[in-house]
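Look at the two complexes coming up: chain A is in both, with chain B in one and chain C in the other.
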Partner chain A sequence: MVYKAQFVPGESIVSKNRKKYMDPEYKFKKLRSLSDEDLVLVLGHRAPGEDFKSVHPPLDEMGEPDCIIRELVEPTEGAKAGDRIRYVQFTDSVYFAPITPYQRAWAYLHRYRGIDTGTLSGRQIIEARERDVEKYAKELIESETFDPARTGIRGRTVHGHAVRLDENGLMFDAMQRYIFDADSGEVKYVKNMGGEPIDRPVSVGKPLPDEELEKMTTMFRADGVSITKDPEVLEVVNAVHWGRTFGGYKSVNREGQ
Partner chain B sequence: MVDSRKLYIDSMKKKFQEKPEDKKTQFYNYGTWKQSKSKSKFVESSKKISAERGIPGYNPDVGLAQGQRLLMPYQLSHTDYIVDMDDIHFMNNAAMQQLWDDIRRTVIVGMDMAHNILEKRLGKEVTPETINHYMELINHTMPGGAVIQEHMCEVNPELATDCYVKIFTGDDELADQLDNRFLIDINKEFPEDQAQQIKENIGKSTYQVVRVPTLVGRVCDGGTISRWSGMQIGMTMMGAYNMAAGEAATADFSYAAKHASVINMGSFMPARRARANNEPGGIPFGVMADCVQSSRLYPDDPGRHTLEAIAAGAVVYDQIYLGSYMSGGVGFTQYASATYTDNILEDFIYYGIDYIKDKYGDFCAAPTTKDEIEKISTDIGVYCLETYEKYPTVMESHFGGSQRAACISAASGCATAMATGSAQAGSNAWYHSMILHKEEMGRLGFYGYDLQDMCGSSNTFSFRSDEGLPFEMRGPNYPNYAMNVGHMSAYTGIATAPHAARGDAWTLSPIIKVAFADKHLNFDFGHVTDCYGKGCMKEFMPAGERDAIIP
Partner chain C sequence: MSDINPEVQIFPLRLVSEDRAKALLADLNTIDNVKKTEYKGFLSQDKSVFKVGWIWVELATEEESVLGEIKDVCDRQLPFGYDIQRGRFTKYRATTADYLRGSVKEE
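For the complex of A and B:
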C-alpha cells in the first residue's frame, strides 16, 4: 500500500481547500497575470531592469570544498548566482482571504526550496534569494491564494487583517499602498511593499466576489463553516494537545487521568 | 454575581458609534492624529518643549500617520470609564504607576523570630505594650528618622507620606490589645468565613507590613526596599528593647529582619534576567492574585476577582515588566489592554461561569480528566472565537491575533480552573485552546506563540523542580513564561480562578492577602480597573511626589 498524504485532517470544504494548497502535486490556479516589471515595482527591492545584487560570487566560481551535502542539495537559481536574501510578505484578511498565515507556511514548505518563512497573526513572510523570491511571489500573486481586496503585499505597518473592510470590500492599510479604481473595478498598487510611492499604478486585478471567496476559504468561521462541523479536526486538536501533555513532564501515571 | 450579559456590545457601540455586527466601515477620513484629544495635546506640549529647549521632540507628522482609522477609545472593564488610548500607557497613568509602586515597596517581616530572641535568649519580656511601643518607633524610623544614632541626616516627612508600618496576627486576643492605628484587623477586613480561614493558617504568629517610601523604589530598586526595611527594623528593635548595638543578639535581629523572616513580593532573578528582589519578574502569579482584594470585597463574584487579578497582571507583568524592563517602546500597552478593556474578556469569563453552573451544577465539581479539560476548553474556545467572528467590531478592538489568543485561552483556562478547582488543569486548557484557535483561524499570535504555546502543555501537570511547579507558584521567571505579552496577565487569572471559585480567602499566601487588605495604600487593590480609570481621568493622587524639594 502506498501511503497517501492527508496533509491536514477534516472533510469540510475548508479542510479540502487546506489539503489542496498543501499538496505540492496540486498546481495553483492562475487567476491573473502580472508582468515582471510590475512585480519588481510592487516588491520594491530593485528598480525594473536593475541587476540582482549579489552577496557572493556565483557558486561555480567559488571553488567550493568537497562536501557530500553540497553534492546532494541542488542550489536554487538565486543561490547559484549569489543573490542577496530578500522577502515577500502577505497580510491575509480574516474576512475570507483565500489563505491564512499558517496555511501559507505549510504550503510554502511543501512547495518551495531555499526558503525561510515566519508566521504571525497578521502577516506571513517568506525569505529567500532575491530571484527565487521574485519567482515565488509571482506565482503566489497570480494564483488563487491571492485576492486583490483581502490580501495585502506589505513589508511593514501590516495591521489590517482583523480590521473591518472599507466600502469597496478592501482590507485596511494604514500606508494606503493600494486604491480601488472605480472605473476599472481593479485594485491598483500606488506604493510598493515597503510603502514608498511607485512611478505608476500597478493593477493586481479585480477583487473576487464574496461567494467565490467563501468557497475558496481555508478558515473556519462562525459565518462560514464552523470548526464544530468538522469532527476530525477537533479530534486531531485533542490528539496533538494530549500528545504534548502526556509526552512531556508529568506527575500522572495513567493516561486519561 | 454577574451573569453573562454581552456587555461588550454596549462598549462596541460607544467605541465605534456604528453597529457592532457590520463588516464594513470607512477609513482615511478621521483627520489622522488630530481626532485624538490626547495626541493633539501632546503635539501642543511638544511644540512648546521643543521651542524652549531647542531640540525637536514628539512630532507625529514625522512618524507613521496615526489615525488612518478611528483611534478607538477604551472602556475599562466593569467600570463606566471610557478613556483615550494614550491614557492607559503606564507613563501617562499615575494609578498604574502606583499599583506597581505599592507592590514593590511592600515587605512583610515576621516578628516571631525577633520576639523569640528577646524572650528566650535575652530574657526580656514581649507584651502588647512593648509591641505597640515598637510600632510607634518603627513608624518614626521607616520614613527616614533616626532612633539610636545622633547627628543623623533625616528624611523630610513630606517625601514619605505613604510610608508606614502596620501589624497583623491570627491571634484575636493579641489583636485586641494592639494599637488600632497600626493594626490590620482581619476580622474587620474580611468576611467571616474568610477571616476564619486566614486566622487558622496564620495562627498566633505576628507580622509587620512595611511600606517603604515610593521614592526609594524609584530612585533605587526593589532590592533596596527590603534592605531599607531591614536596616530600620534592626535599629528600631535595638531602640524599642534597649539593646546594645554591639551585642551578639543584634546579629540575629539583623538576620531575621533582612533575611530569615522576610517575605518579599518578588524573588531574586538569575543573571540572564538579573533583577533584585521585589522586581516584577520575580513575582509569582499567586502573589499577584493575593495583592488583589476583590475576593474579600466581592466574595460571591469569583469572575470579578479573576478579572481584577488579570487587570493587575496586565499592567505589572505585560506593560511594565515585559513592555519596559525587558523591551521598551509603546507596543505592549495596546496588546495588554485587551484583557481589561471593553468587557470582552469579561463576557468570556462570565460565559464560562454560566457554562460551569449549567453543566456541572457548581464550581469545582468537574472531574480533572483529559476529556473534561478538552471539552470545556473547546466549548469556551469556540464561543470566544465565534464572538470575534459575529461581531467585527470586537475583532477590530482586538486587532492583533495575540490579543485574541490571550483572551480566548484565558477564558478557556479560567473556566477549566473554576470547573475543576485546579489551576494546573486550567493551564493545560490554556494550551489546548491555543491549538484549537490556530486550527480554527489558521493564525494565532506573533512568533512567540509558536514556541511557548505549542510546547507549554508538556509541563502543565508537573510539580518537580526544573520540570514544573504548582501553577500558583510559577511566575515570569518560569521557563518560557517571560517571552510573550498577554500571557502572564491571563496566567494570573488562571492561578486566581480556582481559589476564587472555591471560596478560598487567598490564592497562595494568607499573609500577603492580609498585607494588602489595607485602606491606607494609595492604590485601591479592591477596585483595580476603577483605579486605572481615575488615573486616565487625572483624578488619581499618587505618592512619591517631590514638591517639598523642588522650586
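For the complex of A and C:
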C-alpha cells in the first residue's frame, strides 16, 4: 500500500500552511527578489565578489576510499568544492510571522540536504557548506516564509521575537540591523547578520499587511486561529502528551493501550 | 490605602517612540487631578533607539471621570491600541532594601 504523507494533522488554515511548507513537492511562492551581492552583504560571511574559502581540496581531487555510502549519496555543491561550514539564522516574531522556528526545522529537513539545523524558542539556525547556505538563504528570504517586518536575519543578539512590535510593525532588534524607510515603505538592512555596518543599505521589500500574514501563518493563536478550533490537531497533541506522561520514553507501554 | 494615591498603567500594544510618549505625557499632564506621569522603556544595544513600553499616571482622586479623560487622550495618541489598568505600579514608600542601602534616614 502506498501512503501519502500527511506531514501534520488538521484541516485549519494553519495546518494547511504547515503541510504546504513541509511538503518538498510544493515550491515556495516567490514574493521578492534579492541580488547575490545583497545576500552576501546581509550574511556577512565573505566580501562581495570574494572566492569561497575552502577547508579541504575538492572531492574529485581527494581520491576518496571505496565506500558504498559515498557512492550512494551525491555530495552537495558546497561539499564537492570543500567549502567552509557557515550559517544563516532567522528570528520569527510571535506576532503572526509567516513561519515559526519549529516548523522551519520540519520544513528544512524535508527540503534541504547537507544541513544541520537547531531550534530555539525564537530563532532557527541552519549550518551547511557556504555556497549551500547562500542558496538556501536566498530561497528562504525571497519566499513566502519571510516577512521583512516579522522575520529577522540575525546571527547574534537575536531576542525580540516575543517583544511588542514597534509603531511601524517591525519586530524589535536590539542591534538595529534593519530600519523602516518611511519614504519608500520598505525595510532596509543597514547591518549584516552579525551586527556589523554594511557599505550600503539592502532593501528586503515592504512588510506584508496583517490580513495577509494571518492567512499565511503557521501559528495557532487565541487571537487568530485557536488550536481548539482544530479537533484533529488537539487529538494528536493530547495523544502525544498522555503517551509521554504515562509511558515515558515507551509510550506504547502506556496503560490501556 | 486611603492615603496612597491611585495610579493608572497604560500599556500600549506597540512599542512607542520617545517623541510620541512625550507628546502623550504632555497631553495627560493637562488633565485635572493628574499628579504625576512617568514612563519606562528600554534602549537598543548601541543606545541609538529608545522604545517606551509602559506609562504610569498618578491621580489625586478616585473619580471615574478622570479615567475617561485619560482614555480620550490615549485613543488620540495610540491609534494601534492599548490596555489600561488601575492600581499601584510604581514605588510609593521606602522598601526594606532602601533601609539596607541606607538611603532612608532613621528618625
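We take it that the second predicted complex is superposed on the first by the 241 of 257 C-alpha atoms of A that agree within 3 Å, B and C clash if a C-alpha of one lies under 4 Å from a C-alpha of the other, contacts with A are read in each partner's own complex, and residues count from 1 in each chain.
Rule of thumb we're sticking to: contacts are C-beta pairs under 8 Å (C-beta built on N, C-alpha and C of every residue); 3 or more make two chains touch, one makes a residue touch a chain.
Note that the structure is predicted; figures quoted are calculated from it, not measured.
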Simultaneous placement of chain C and chain B on chain A, clash or fit: clash
Touching partner for A:221 - first (chain B), second (chain C), both, neither: first
Touched partner set for A:121, first chain B, second chain C, both or neither: first
Which of chain B and chain C A:197 touches, first, second, both or neither: neither
Chain B versus chain C as contact partner of A:49, first or second or both or neither: neither
Of chain C and chain B, partner touching more chain A residues: B
Which superposed partner A:166 touches (first chain B, second chain C, both, neither): both
Touching partner for A:63 - first (chain B), second (chain C), both, neither: neither
Common interface residues of chain A - those touching chain B in one complex and chain C in the other: 157, 163-167, 169, 172, 174-176
Touch list for chain C against partner chain A, complex: 12-17, 20, 44-46, 48-49, 51, 53, 80
Residues on chain A engaged by chain C in the complex (per definition of touch): 157, 163-167, 169, 172-176, 195
For the chain B and chain A complex, residues of the former touching the latter: 22-28, 64-65, 68-69, 369-371, 374, 378, 382, 385-386, 388-390, 392-393, 395-396, 398-402, 404-405, 428, 431-432, 435-436, 438-447, 450, 454-455, 457-464, 467-468
Of chain A, residues touching chain B in the complex: 18, 92, 94-95, 99-103, 118-122, 157, 159, 161-167, 169, 172, 174-176, 218-223, 226-228, 233-234, 236-238, 240-242, 244-245, 247-252, 255-257
